[in-house]
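Here's a structure for you.
Note that the chains take the letters A, B, C and D in the order they are written out, and that residue 1 is the start of every chain.
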Amino acid sequence: MNREWPYLVPGIPDEAFERGSLPMTKREVRALTISVARLAPNLTVWDVGAGTGSLSVEAARFTPGGRVIAVEKSHEGILLIQKNSLRFGVSQIELIHGEAPQALFGLPAPERVLIGGSGGQLEEIFTVCARELVVGGILVATIITPRNLVKILDALSTAPFSEPEGVFIHASRLEKLGKENYFRAQNGVWIISARKEGA
Amino acid sequence: MNREWPYLVPGIPDEAFERGSLPMTKREVRALTISVARLAPNLTVWDVGAGTGSLSVEAARFTPGGRVIAVEKSHEGILLIQKNSLRFGVSQIELIHGEAPQALFGLPAPERVLIGGSGGQLEEIFTVCARELVVGGILVATIITPRNLVKILDALSTAPFSEPEGVFIHASRLEKLGKENYFRAQNGVWIISARKEGA
Amino acid sequence: MNREWPYLVPGIPDEAFERGSLPMTKREVRALTISVARLAPNLTVWDVGAGTGSLSVEAARFTPGGRVIAVEKSHEGILLIQKNSLRFGVSQIELIHGEAPQALFGLPAPERVLIGGSGGQLEEIFTVCARELVVGGILVATIITPRNLVKILDALSTAPFSEPEGVFIHASRLEKLGKENYFRAQNGVWIISARKEGA
Amino acid sequence: MNREWPYLVPGIPDEAFERGSLPMTKREVRALTISVARLAPNLTVWDVGAGTGSLSVEAARFTPGGRVIAVEKSHEGILLIQKNSLRFGVSQIELIHGEAPQALFGLPAPERVLIGGSGGQLEEIFTVCARELVVGGILVATIITPRNLVKILDALSTAPFSEPEGVFIHASRLEKLGKENYFRAQNGVWIISARKEGA
C-alpha cells in the first residue's frame, strides 16, 4: 500500500499529484475514465497524451502485472510522470517521449487505449490506436471540444467497434463562501468508449 | 474474478444488477461514491439504506478481508441484495433487515459509513453513525434533496469531523436519436463526505 | 394584454400551450432563445421547424408590427400553431405548411431566423437561411445533437457571419418528492447564434 | 429605443453594463429571473441587493409606468446603478442606499420582489418582503448557497404563498480554445418564486 493513497479505489485527489504548469484531468473525470476503461490484471494500456501522468498512475494501480505506456510530447510532462510514478509507488509505467500518432508506432499492442490530449490530431491518433488495439480491447477518449466529440462518436460507430457508450459529466465542487458553502462548477467533459469486436 | 464483472474497477453498469422495483444509485454516482469512500482492505463498512445492494456489492469488492453490513428496511431489497451478492460472487455482505437508525444499534463499529436512503430520518441516522464511526473513519452521503444536503453539511461541519468535501454530479448519457445521438440527462446528485478526527 | 399571459416578458409556461403529441422547446430554453434573438419591432422572423408554435408565439409578442413566418411540415403542428396563436391573441404569425428548405423559397427576407427542428437537413436549411437573411440580421439555432452543434458552429464561423455566440443550458426543475423537493433534470440544449455582417 | 440595447427582449449582455468590482447576475440567469417575475406595466418592483443594477435596469424595461426600487448597501453599487440607468435610458429606478431589511421599511408596497444579495439576512429580508408584498404579487429569489435555497423553499411553502416554482440553471458559454471551441461552465444558480395568495 502506498503512503500517499493507501486505498484500493480510483479517484486520487488532484492536489496529491505534482502537476507543474500542465492541465490535469480532474479527479471526478479520472475516476470515471478508469471505471469505463474496465481495467484488469495483466493488461497493456496506452495512455495517449499522458500529461502529468495522473491517469497513467491510476491505470497502473488497476492493471497489476500489466504495462502502462504513457505517451507524452512535452519534456515537462515526462518529468512529471516520473515524479508521480515514484510518489505513488507505481513501477509499471513506461515512458514514450514523443508526439502521437508517430510515437505510437512499434509499441506493443494494447488491450486498452486511453486518449486524453490529442493536439488536434485526433483522427490520425484514432486510426493507429484502433488498428493496434487487440480484438476485445476497449478505447476510451475524454473530450472537451464538440468537434472531437463528433469525430470520436463517428469513429467508434463504425466497424470493428461496438456501439459506443458515452457520458457527459458536469461536476461542481463544494467550496467555502464566507461562513456558507456553494458549488463551484468545473467544465463539462465527455467520456466516450467502445469495444473492438472480433472478426 | 467474477464472470459478470471481471474487472478491478468500480462502476458496474446499472443493468448488470437485479433491481426489481427499487430505485438504484446510478453507475456514475456509485463509482464516485466508492472513490470518495476511500475503501481499503479489512475495513468494516455500513451501507445504510442499501436498496438493491449495488453499492454494497461494489464496496465489498474494495474491502477484501473486511465486512459490508447492508441495512435495508424493505423485504424486496433484502432479496435483491442476496441475489446481487450471489451474482457478483461477493461473500462478505451481511444483511440487516430493519429500519435505520434502530437497526444500527449493536452493529460492529464501522470504519466507513455510506448513507444512501434515509427515509426522512437523516439526523437520527447521522447521530448514530457519527457516534459509532471509528476515529479516522469516513462517512459518505449521497443526497438528492436540498434539505438533506444542508443537514449533512451542517452535521459534517461540526466536531469531531474534518471540513466536509462535496461534489455535485450531473451526468448525461449518450443515447440514440434516430441515426444521431444526444445526451439524456440524469438528475443531479450531491456526494458529501468527511473524516472523523481523533480526540 | 392577453388573458393567458398578461405579462411583458418571454418564457410562457409549457403547460399554457396546446402541444398535442409534438415535442416542445422548454420554457427556459425558449426564454433564452428569444433573448439571444434580440427581437425588436417591425422585424420579419422565420421560425423554421415551428412545431407547436410556442416559439413563434413568443417571437410575435416581441416583434410588434412585424411578421413571424412559421414553417412546419406536420399537419398536427400547423393546427397547433393556429390554436396557440389564437390562445395568446397573436395575429401576425403566417403559416407555411411544408418542409424546409424547400418551403423557404420565395418567403420575404428575414431579419431573424430561428432554427429549431431541422429533420436531418440542417446544412441545406442553413444555406438558404444564411443567403436570405438580411445583412445585420441574426440567426439562432437550438441544438440537441452533437453533430448539428458542430455543423452550426462551422457554418456560423465563416463569412458573412460574425463570431458565433453560444450557450449550453442545463435546467432542472423543482418537483415534489414526498414532503420534500428535488430538482428534475431536463436534457441540455445548445443555443448558438451569430449576426450576418455587411459586405 | 435605447442605443445600447435597441431590442424588446431581456438578457442584456454582461459586458454592456458597468460593473466595477461588484459581482453581477449573469445574463442567462438575469433573463430567466425577469421571465419568472412575470413583469407587466405599472408594477412596483423591489430589487433587494441590487448590486450593479443590471437586474433593476432589465426590470424597469418591462414595467413601463411602474417603479423599480433598487435597494443596495454599497456606495459603489449606488453609483453603478445610476450609471447603468443612464446608459440604458431607464428613468424609473429609485435608489435606496441602505441595508435590507432595515432599508425596506416605509417603501411603497411592491407587486414584485426580486431578492438577489441577502448578506446573510435572508430570513429577515424575506419576512419584510412577504409582509409588504401585495396579494397576487410575486417574489423571486436567485440563490447560490444550499442553506438559502432551503430557507427560501421553506418560507415560500407556507401561507400565504402558493406552491413555489423553482429551476436550477447550469449555463456554460462558448469560448475559443485555439482554433476550436469549448463550453466554459458558470456556477449553477437556483431561481425560486411563488405568488402571494389572497386572504
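Keep this in mind: a residue touches a chain if its C-beta (ideal position, glycine included) is under 8 Å from a C-beta of that chain, and two chains touch if they have at least 3 such contacts.
Note that the structure is a prediction, hence the values are computed from the model and not measured.
**Student:** Please identify each chain that touches chain A as well as chain D.
**Tutor:** Where chain A and chain D share a partner, that partner set is B, C.
**Student:** Chain B-chain D contact: same residues or different, taking over half shared as same?
**Tutor:** Copies use mostly the same positions to touch.
**Student:** Find the chain most remote from chain D, comparing centres computed as mean CA coordinates.
**Tutor:** A
**Student:** Between B-C and C-D, which chain pair shares more contacting C-beta pairs?
**Tutor:** By the number of C-beta pairs in contact, the winner is C-D.
**Student:** Quick one: report the Å distance separating chain B from chain D, using the average Cα coordinate of each chain.
**Tutor:** 39
**Student:** Take the average of all CA coordinates in chain B, do the same for chain C, and state the distance between these two points in whole angstrom.
**Tutor:** Inter-chain centre distance comes to 43 Å.
**Student:** Calculate how many whole Å lie between the centre of chain C and the centre of chain D, each centre taken as the average of the chain's C-alpha atoms.
**Tutor:** Comparing mean C-alpha positions, chain D is 26 Å from chain C.
**Student:** Specify, in ascending order, the residues of chain D that touch 2 or more different other chains.
**Tutor:** Answer for chain D, listing residues that touch two or more other chains: 146-147, 153, 168, 170, 172, 181, 183, 188.
**Student:** If every chain is a node and every touching pair an edge, decide which shape results: line, ring, star, complete or other.
**Tutor:** Topology of the interface graph: complete, with all chain pairs in contact.
**Student:** If we count contacts the way the header does, which residues on chain B are in touch with chain D in the complex?
**Tutor:** Result: residues 146-147, 149-150, 153, 168, 170, 188 of chain B touch chain D.
**Student:** Which of the residues in chain A end up touching chain B in this complex?
**Tutor:** Touching chain B from chain A are residues 1, 6-11, 27-28, 31-32, 34-41, 62-64, 153, 164-174, 181, 183, 192.
**Student:** Which bits of chain C are touching chain B when the two form their complex?
**Tutor:** 120, 144-148, 170, 172, 177-188
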